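Let me begin by presenting the structure, written as structure tokens, before commenting on it.
Each chain gets a letter, A, B and C, in the order it is written, and its residues are counted from 1.
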Amino acid sequence: MAVALGELAVRFGCELRGDPQVQLERVATLAGAGPGELAFLANPRYRTQLAATRASAVVLDAAAAADCPTAMLVSSNPYATYARIAALLHPPAPLAAGVHPSAQVAAGAQIDPSAEVGPLTVIGPGVSIAARCYVGPHSLIEAGVVLAEDVRLVARVTLGARVRIGARTVMQPGVVIGGDGFGFAPERGTWLKVPQLGSVQVGADVEVGANTTIDRGAIEDTVIEDGVKLDNLIMIAHNVRIGAHTVIAGCVGVAGSTSIGRRCMIGGGAGFAGHIVVADDVVVTGYAMITHSIERAGVYSSGIPFEEARAWRRLVARFKRLPLLEGRVRALEQAAGLKEPEEQGGDDE
Amino acid sequence: MAVALGELAVRFGCELRGDPQVQLERVATLAGAGPGELAFLANPRYRTQLAATRASAVVLDAAAAADCPTAMLVSSNPYATYARIAALLHPPAPLAAGVHPSAQVAAGAQIDPSAEVGPLTVIGPGVSIAARCYVGPHSLIEAGVVLAEDVRLVARVTLGARVRIGARTVMQPGVVIGGDGFGFAPERGTWLKVPQLGSVQVGADVEVGANTTIDRGAIEDTVIEDGVKLDNLIMIAHNVRIGAHTVIAGCVGVAGSTSIGRRCMIGGGAGFAGHIVVADDVVVTGYAMITHSIERAGVYSSGIPFEEARAWRRLVARFKRLPLLEGRVRALEQAAGLKEPEEQGGDDE
Amino acid sequence: MAVALGELAVRFGCELRGDPQVQLERVATLAGAGPGELAFLANPRYRTQLAATRASAVVLDAAAAADCPTAMLVSSNPYATYARIAALLHPPAPLAAGVHPSAQVAAGAQIDPSAEVGPLTVIGPGVSIAARCYVGPHSLIEAGVVLAEDVRLVARVTLGARVRIGARTVMQPGVVIGGDGFGFAPERGTWLKVPQLGSVQVGADVEVGANTTIDRGAIEDTVIEDGVKLDNLIMIAHNVRIGAHTVIAGCVGVAGSTSIGRRCMIGGGAGFAGHIVVADDVVVTGYAMITHSIERAGVYSSGIPFEEARAWRRLVARFKRLPLLEGRVRALEQAAGLKEPEEQGGDDE
């Protein structure tokens, strides 16, 4: 399917510079694009590739326009404009409405006739699947689950009993929603399982990455609010709440009963202790260890960038004798008749 | 199903304070409970919610009893008592004994007639499934696997060839037991796969969280002893041994041939080097990097709590010039005629 | 199947010391071996077990031969020689060529008659499966995927549309190749999904561990070159490239558009920022946080080994007051009339 550049400009509200009759068939990278292809420039890192692009058109912002050798769409948000054009030029395959004959569907499940339920899926009793949902191959939807309109379970998604999923939410392969929370009561040297009786509520327009897991609540539900985006291999424990439009990169863990605010951005590999509260609009950088609540919006870190290993070992050795170094400074201060600053005189434990 | 408070007191050995005829139908949180509901107080963090609870009864310890506005069960271990009552009031669905017609069962597999084998499961040759096991949808049980009584594979669990699972063990969705260990021999700049010929032995009363993986041993078996509890997204490498009643939180990695003792508690995101031995009764806090063996019970750490990013960058900058700071202190000591402590005079590599 | 030691020596080019007629039936560990069993010694850690071994023969290098109490094969690379002998003595089950009747195969999929396609698999339209492939139970191969010869999908592997897998590559259970990359454009406080239109190219002789995920590229493909070995629970983001014969241990995350060189060795739990380039022959130790490009071969680190928790808390407290300590040293220098080294006089942000 080809679309004229002029039509894209009108449709997505961009300023057109160049021939409105240029036909665009698909998207490509600045470096890789050729005739009939549309590229975009959003990350300044790639600006050097602009002058040499052979794309038929480029989406970019006004500041970059002067360097563009070809037709262009000028947008105040070129990445979002690109995303919309890419979705137009590369639409997903249309749904094949109906239930595949190899699916195992319990009596009493309600499946909208416009939904597609793929091969070798299992749909439990009392499940409700709304219009235009896609339930990909090997997915399992346990009893009482509710899917709102246009939910897309790409493949092999497991939804435990009574999980609720909001409209347009997308789940990548291997996602597990509603596994048991990790609750055990210590008793005479062993651990007694605490029944996990809550479920999971996932809002609308959420995305959940491959092999990410979200556990069911112990008594009440674990909650993922609207617009949350979770990358792959993330662990959300029981009774966590993730606020609307928060985005979390891969390999993050959030321990039980923690609440993360709205519009937060969490870097890869970060970890959150249990039973803490993180405010709205918090940014956490990669690998940070969030051990207590964060009350104000801001940027928070704890990971330490790498060094060449020999230099790193020297740093670690110095780190490990910091108490000794502090003692040497104290001795010097005494010898010099300088007073040690009061705030660190006491015991630090 | 409703149960009288008096009956609960007798059955679980609690002291009853209040009307023994109060009927309990389900459990709830202190803050959310209403009539017919039983709450509990175990974590002091929630003590402030006790006075206002509308629960019909509360399980708590003697120290908290004075603040309780309603009927109560006084227990020396309120969390364990709550767990037992919750299991009584909210029993799991009874098994539907038998093999689902869509299951693919190899000739020669032994399945106890009281077991339930769910839809779209695959059971290999020589498998033995004991009484009252539950094999959830999409599970795969490869050749020669043995499940003891009352094992519960919630859904989509993969058990590789010859894996053995002890009684009452529970596996959440997405678990993989018996994938190949990561063994490769370097040879002329490439890596030659080393056959992974061992299997995995999992004890009784073990729990394995969603998408956790436990690799098969290279020659002998990887071993998870009785009562171990593993959270989600944990990686247990080949030939590891986890001692009985050890509990490991999410996102932990344990490298090959490492042995962790009994009754250990491992925080989320921690990591263990290979070929080390960790004693019994060790506590490892979240994100700690365990690089060598631990010979004595105790608490061990290495993660650094976060700071506001600007402050953190200042700390990292200072950390990176620690050798320089130490040199400045040495120069001051020389100028002051103070002797540098001997133990750090040498080269630290 | 038993093989004579003399035959092994000839076949694998080892020096034989001892009786060539000794029959070997299987492999075992040095400590656990008995008659008919072959052990190996490659890791010096296990050298103390050599003298007492009851193996019928041992594979080892010339330096260890003097301590060996039994017949032996002397090899310059005993681990690789062991791997080859183990594969000979313990061959995988032969393929049962053909498509299982419960498999769901789209019209137009090309499956070589020598391939085995297991139960409850799903094969999409336009898929091409070459000779001697094994597609294990519950695997899903979406439209247009190409498998070269001898690919082995152990079980429950998901390959998204248009993924290409090279010859002899092995994927453990739960692997997801070709889930959507994590791409969202910020727009007025929400996140707009950016279509992920690329796919994933995986080379020959690659191994991918259980529950590891490799996302499809945004526009162009994510690339895993020949001979790469990935352990379990690794996250490879969109448009990453991993160079040939690089080996990555478990729980590592690599963010989008990062390129890792050839023959690198990456320790468990390490993390890579996005849009960086790592040179060939780089070693990264466990838990290191790689925040920027690495231009030269070498060893790089950032994790800090653990301490007993009380000592650790003291270290962290000192770390957090490093700016204060530096100020105290500066005051001492001023009092002593020593000049502060210039390179750290300025603002460090």
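Heads up, the rule we're going with is that contacts are C-beta pairs under 8 Å (C-beta built on N, C-alpha and C of every residue); 3 or more make two chains touch, one makes a residue touch a chain.
The structure presented is a predicted model; accordingly, all values stated were derived computationally and were not measured.
A.B. asks: List every chain that touches both chain A and chain B.
C.D. replies: Common neighbours, chain A/chain B: C.
A.B. asks: Could the interface between the copies chain B and chain C be described as same, meaning over half of its residue numbers are common to both, or is it different?
C.D. replies: different
A.B. asks: Using mean C-alpha positions as chain centres, tell me how far chain B is from chain C in Å, no decimals.
C.D. replies: Taking the average C-alpha coordinate of chain B and of chain C, the gap between them is 25 Å.
A.B. asks: Among the residues of chain B, pick out those that touch two or more other chains and give their numbers.
C.D. replies: Correct list: 120, 138, 156, 174, 211, 233, 251, 304-305, 307, 310, 313, 319, 322, 325, 329, 332, 336.
A.B. asks: For chain A, which residues are in contact with chain B within the complex?
C.D. replies: Those residues of chain A that touch chain B are 104, 120, 122, 138, 140, 142, 156, 158, 160, 174, 176, 179-180, 182-187, 189-195, 197, 211, 213, 215, 219-220, 233, 235, 237, 251, 253, 255, 271, 273, 275, 283-285, 288-292, 298-302, 304-305, 307, 310, 313-315, 317-319, 321-322, 324-325, 328-329, 331-332, 335-336.
A.B. asks: Given the complex with chain B, which residues does chain C contribute to the contact?
C.D. replies: 27-29, 32, 42-43, 45, 77, 79-80, 82-84, 86-87, 90, 100, 102, 118-120, 137-138, 154-156, 170, 172-174, 205, 207, 209-211, 227, 229, 231-233, 245, 247, 249-251, 263, 268-269, 286-287, 303-310, 312-313, 316, 319-320, 322-323, 325-326, 329, 332-333, 336, 338, 340-341, 343-344, 348-349
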